[in-house]
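Some structures are shown below for you to check.
One chain, subunit A, links the two complexes that follow: it is found with subunit B in the first and with subunit C in the second.
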Partner chain A sequence: MYDIPPSTRSVVNGNCKISARKVDVYYGDNHAIKNVSADIADKTVTAFIGPSGCGKSTFLRCINRMNDTIDSAYMKGEILLDGQNIYDSSIDPVQLRARVGMVFQKPNPFPKSIYDNVAYGPKIHGMVRNKSELDDLVEQALRRGAIWDELKDRLNESGTGLSGGQQQRLCIARAVATEPEVLLMDEPCSALDPIATAQIEELIDELRQNYSVIIVTHSMQQAARVSQKTAFFHLGSLVEYNDTVQIFTNPQDSRTESYITGRIG
Partner chain B sequence: MPVLWLILIIIAITTVGFLLGCSRAQRSVNGNVRALHSLPSYYGINVGIWTAIPAFVILGLWLLIQPVLIESHIQQSVQSIATGKDVTFGLIMSDIRRVADGLELAITEGGMTLDEIQSNDLDIDTLLQTLNSLGVILGTNVSNSVLKSAQEYQKLSAGGNILMSITVLATMITGLGLALVKTNKNFRARISVEYGILAILFFAASIAIMTTIGILFSLAVNTLEFFKLYSAIDFFFGLEWAPSFSGRGGSSSLGVIPLLWGTLYISVIALLVAVPIGIYAAIYLSEYATPKVRAFTKPLLEILAGIPTIVYGLFALLTVGPMLVKVFGNNTVGWMDGGTAVITAGFVMGIMLIPFVSSLSDDIINAVPQTLRDGSYGLGATQSETIQQIVLPAALPGIVGAILLAASRAVGETMIVVLGAGAAARLSLNPFEAMTAVTAKIVSQLTGDSDFASPEVLVAFALGTTLFFLTLGLNVLALYVVRKYREQYE
Partner chain C sequence: MTDLSADMPPSFKQKPLTISDQRTRARNAAEKRFRLYGVAAITAGLVFLILLVFSIISNGLPAFKKTVIAIDFKLTTEQFETAEAALLKTRVYSDYFTQTLTHIITNSELNLEINSRSIERIIGKVGGTLRQFYRENRNMLNQPVHFDLPAASRIDRYFKGTFSRDGITKENRFIQVEDLDLVDALAEVGIIQQVFNWQFITGVDTGVDNPGGAGIGAAVLGSFMMMIVVLLLSLPIGVAASIYLQEFAPKNWFTDFIEVNISNLAAVPSIVFGILGLAIFIQFMHLPQSAPLVGGLVLTLMTLPTIIISTRASLRAVPPSIRDAALAVGASKMQAVFHHVLPLAMPGILTGTIIGLAQALGETAPLLLIGMVGFVARYPDSILGGFEGPNSALPAQIFNWASRSDAVFVEKAWGGIIILLIFLLSMNIVAVLLRRRFERRW
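Coming up: the complex of A and B.
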């Protein structure tokens, strides 16, 4: 039903990177995530789909403990990153977020120069010893963000002056600069036009070579285009989690079928 | 006709006009309101606007202009009476005004006729007696020439008032008539009322601006008067402030530099206290405080802004001054002789300014989008790294603006200086010495028996003008900084 390039359909049998065990999340009295367990593979693009308010963004934000910044949120269960529980008291959430990068729905470049935007993460984590190393790292990150050629002569201009698509790729480059192992993307294309979206999607496919990418999206076409695994959330529960091809061609659960055929959502 | 009556008449006719407008509009469509362009009340309001506003405008202008014209007319005849000095001239003018008011009163309440008042052989004693019985005492030495001028004054203003009443009423009736004639079903009363409302709003906005211009004008007149008596170069560049009041003889040194120095020194100390504390408080309130703490702390901090400055002055005089003397006084290091000093005033003023800095900065920090913070946290930054490197730089232009506004408050502050810093104008670097500021000197030059012809008093206006431009400059700079460097967030 979707135009699926067969090459991306081959599910890499990578190691399990992240495994969630019986995760429950509450915002105050609101039970946002209900008993979700899932294994997310390395070097794979995993898409979270589902109607608004189904908890997919909340679950995403659990993986780098961004929910810690929300006072009313608390969670139960455990999430293992390379076998280690990230909610263990020995884990520093600040260090964790350098390993699990995040790209947000709305492009949010800092009101600094393009160079400083990318250099921000490496600087605060002390990843470089001198200016030339930092220069190299910034260039490498911008190349991975597929934006180096456009911006290499404008590194001192403000990041807020770029177009929406460029801003989002700058944000991806910024996240990549801290050399994360996992990249979380929360509807990264919802504020972008189709051309910028196509560029980002192409980029996501390249990023798969190095990272485990998890993308939350409202667009089922996008999920079908970029991901190898898809998880369908509904009302806080993980309804179905399988290979993308399976989800879109042969859904096992009736709710998944209703959603992908447009009957609910 | 008294002005009050005139106003009441205008209001009454306006009400009538409103009702007439409503009913005329309805009659023009035989009661079928849907055929009207606008609701009937719009036609009424339109008639009301045309009745009242031109009449009120003319009334207002007339009341402003008539006294000026009459006085300039009377002045020509007074020139012959006055000996030429400014002071006596002013006194004679106010005498004439008072006698003229008395004459007016004698007609309205004392039973005298207009002819009696205006007759050439009006007896001063009879007049005084009549007025005495009404409870008005003019004093005894009303000279004949003053009486003549007063009669002239009364005649002109009585004539003017009649003319005014006629003009205002005629304008009102014309407006009413014109508006009523235009009232028919095709007239777009809604649009017309829109313009009327625009005019009223514009008038309200312009009053604020006109008042500023008026204040500036009155300052300028007296400042120019001062510079006629005292050299501007000596004023702006003089290093000594030593006014000598005419009673004691001798000439004064009226250099503004020591006062400006005092003002700036105290303000700088105040800002050194207020800016760090204010900004840290703002950061705490906007970034760290839980909603509960914030709801409790912020109003508490803002109470500081509501304390009258005289109370801060007392705090400086009674608490902070003696406390500082204990620390820096003769018993310890011996830097400080008395409680009144630059540092006392600066410290207390700094406390006063904390809420100005913190409240504005708090709003500005809150306006930094949450997405920027998320972006920074998402890269693994801690909260204080995020604040230092992302939030504060983004909020900086606004914070600078807040600081500049606080600075212009500090420059204009009076009571804390009077009570906390002393009255000695001095050019010194020592913050433990008493100094004084421009504002405090304006007060001291204008209090007591002031002779508005001497440079020692008029200098207050020159000081006021200087201060006006200083704070104006700071405010303009603040606005400029905020506008120029403000990040545009959607």
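Coming up: the complex of A and C.
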């Protein structure tokens, strides 16, 4: 699929899954996100691109409230998931994070067995009633993570003993095991070699069938390869948000054009 | 880059790698000197350690041996009744033993001039042991029983090489040169022998008139009970406090203030904790004096800062990515901490706890203030009663013995140090084993 030029790829215009309304984020005195509003479609891969420190990871972490763990972080505006404000005081961030999974830049499997890594989420959410259901769920998650065939005989080995690419796919399997609706990926391939990156990208394209995937990436080629929608952030502002094809072939803003042609960033 | 190197001075470019210049030589010499300092420091440390271990072992080992008079002794019912009717009962038992020993020596092949005063002088405190034995085992009356009873303390020291014939004057009423001749002869036929001193390990403290019989068992028990109190209180309190401060508490001036004060508490001299314990636990709360419970409470106060500081350090050392991973699959903060962070921090927490306990075990000063240096000559009656009844502790007992005048007590103090070190070493071994059990990679 990587050989298909972006212009010929169709964009799935699914329902709006997440909508951000006038989001501002501060880290202490630092105004990291400035008045960002965006609608993110369901069953679509959306890429966030932009130079380092432009706020794309911060915005991503707002979507599952991971910024709550940073003491100095402070957020204004609202983010709606299926029409419900996730920053409402009645929302429990723990339940939200089961619906909005996240994969991090550096693979971070638990120092436990591969099986326990995947089974942890379903266990704490009480998603299974017995061991055989859990076994099925772990297998399903590992299959979706495209790693079942490699690991099915080594489920009791430590998750930290795998290669970087396997670890990252294990983390993806762990994230999908709780059956989320949205999958956030914060530069999932930046620590991986090109082959592992290709495997992950293929996986992201498959995951699009079931989830709304948001991926932060530094690689414009990667954004062009995997995403249908692309958002360009610069200095905390959302500069341009459009179909990936449009962004890469016909950018409206001069800053976007400078970035994708390599003049800034 | 190429433009830049062209501008460089030529001397910098064409430098032969085989010949080191002045600067490189100076740097290499500095490195060599630094390594030498390091080796010298380690060597000095090792020399002192070896000296320490050598002096402890050479001074302390004699405490594990004692000199006994090993003979068969027979007591008739008649003698028993006479002795029990007498005013100084143990004195009568001693006399019987002296008679038996005299009898054995006269009937043996030894050609010795028997001086009954000599025999009295070489026998240690035997009356009490004999009386206790026959009161408990009346069926052993009228038949020969083998006894290993202690020789006098000077005889004991004579065999251990810390007492010699030189300087014994005619006026000395404890020992004469002829006594030592008799002892040498008796040692040859095996009546006087050196045996392992179990009494030192299992026994209790004795009065100044019987240094040979003093044991450290009760003090070991007292220390053990204190360690149980310290472990049961300081581990849960310390770990809970650290987890709250490190993972849950908001970061503001108040938590900063608490943090600074915990660090300061770790540096407070232990005697301050002692006087605090005296004021709070004994004078205000009216807990019993000299009790392992109070000792344990005071040592808990002392150990808590150590445990909190090391626990927080090991919690901090757990990579934040593990917390993120747990939170991102929907674990609550508490689940993230207890399922993932705490197990990874466990080895560090255990190490900190053992260091704290080891410090507490060797602490003497606070125990002096709460009265744990008293003379405790018996074991507690029950386990629970032992916590609130008076007892001693290892370092306090050692301190106590070292300040007594009889040289045998000083020897016991060295022996006590060996026991203390063995106690400490076994605690450390337990810690290492637990560490192994909990250690995981990430």
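The rule is short, and it goes like this: the second predicted complex is superposed on the first by the 257 of 265 C-alpha atoms of A that agree within 3 Å, B and C clash if a C-alpha of one lies under 4 Å from a C-alpha of the other, contacts with A are read in each partner's own complex, and residues count from 1 in each chain.
The criterion applied here is as follows: a residue touches a chain if its C-beta (ideal position, glycine included) is under 8 Å from a C-beta of that chain, and two chains touch if they have at least 3 such contacts.
All of these numbers come straight from a predicted model, not from anything done at the bench.
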Quick one: classify A:Y120 as touching subunit B (first), subunit C (second), both or neither. both
Contact-wise, after the overlay, does A:D88 reach subunit B, subunit C, both or neither (first, second, both, neither)? neither
Let me test your reading of the model: by the given contact rule, A:F110 touches which partner, first (subunit B), second (subunit C), both or neither? both
After the superposition on A, what does A:D153 contact: first (subunit B), second (subunit C), both or neither? neither
Figure out whether A:M66 sits in contact with subunit B (first) or subunit C (second), or with both, or with neither. both
Subunit A residues where the subunit B and subunit C footprints coincide 64, 66, 69, 71, 94-95, 97-98, 101-102, 104, 106, 108-111, 120-121, 124-125, 160, 171, 174-175, 178
Subunit A - residues contacting subunit C, complex: 64, 66, 69, 71, 94-95, 97-98, 101-104, 106, 108-111, 120-121, 124-125, 158, 160, 171, 174-175, 177-178
Footprint of subunit A on subunit C - complex, ascending: 250-251, 319, 321-332, 335, 339-340, 344, 440-442
Could you list, by residue number, the parts of subunit A that touch subunit B in their complex? 64, 66, 69, 71, 94-98, 101-102, 104, 106, 108-112, 120-121, 124-125, 160, 171, 174-175, 178
Give every residue of subunit B touching subunit A within the complex, in rising order. 290, 369, 371-382, 385, 389-390, 393-394, 487-488
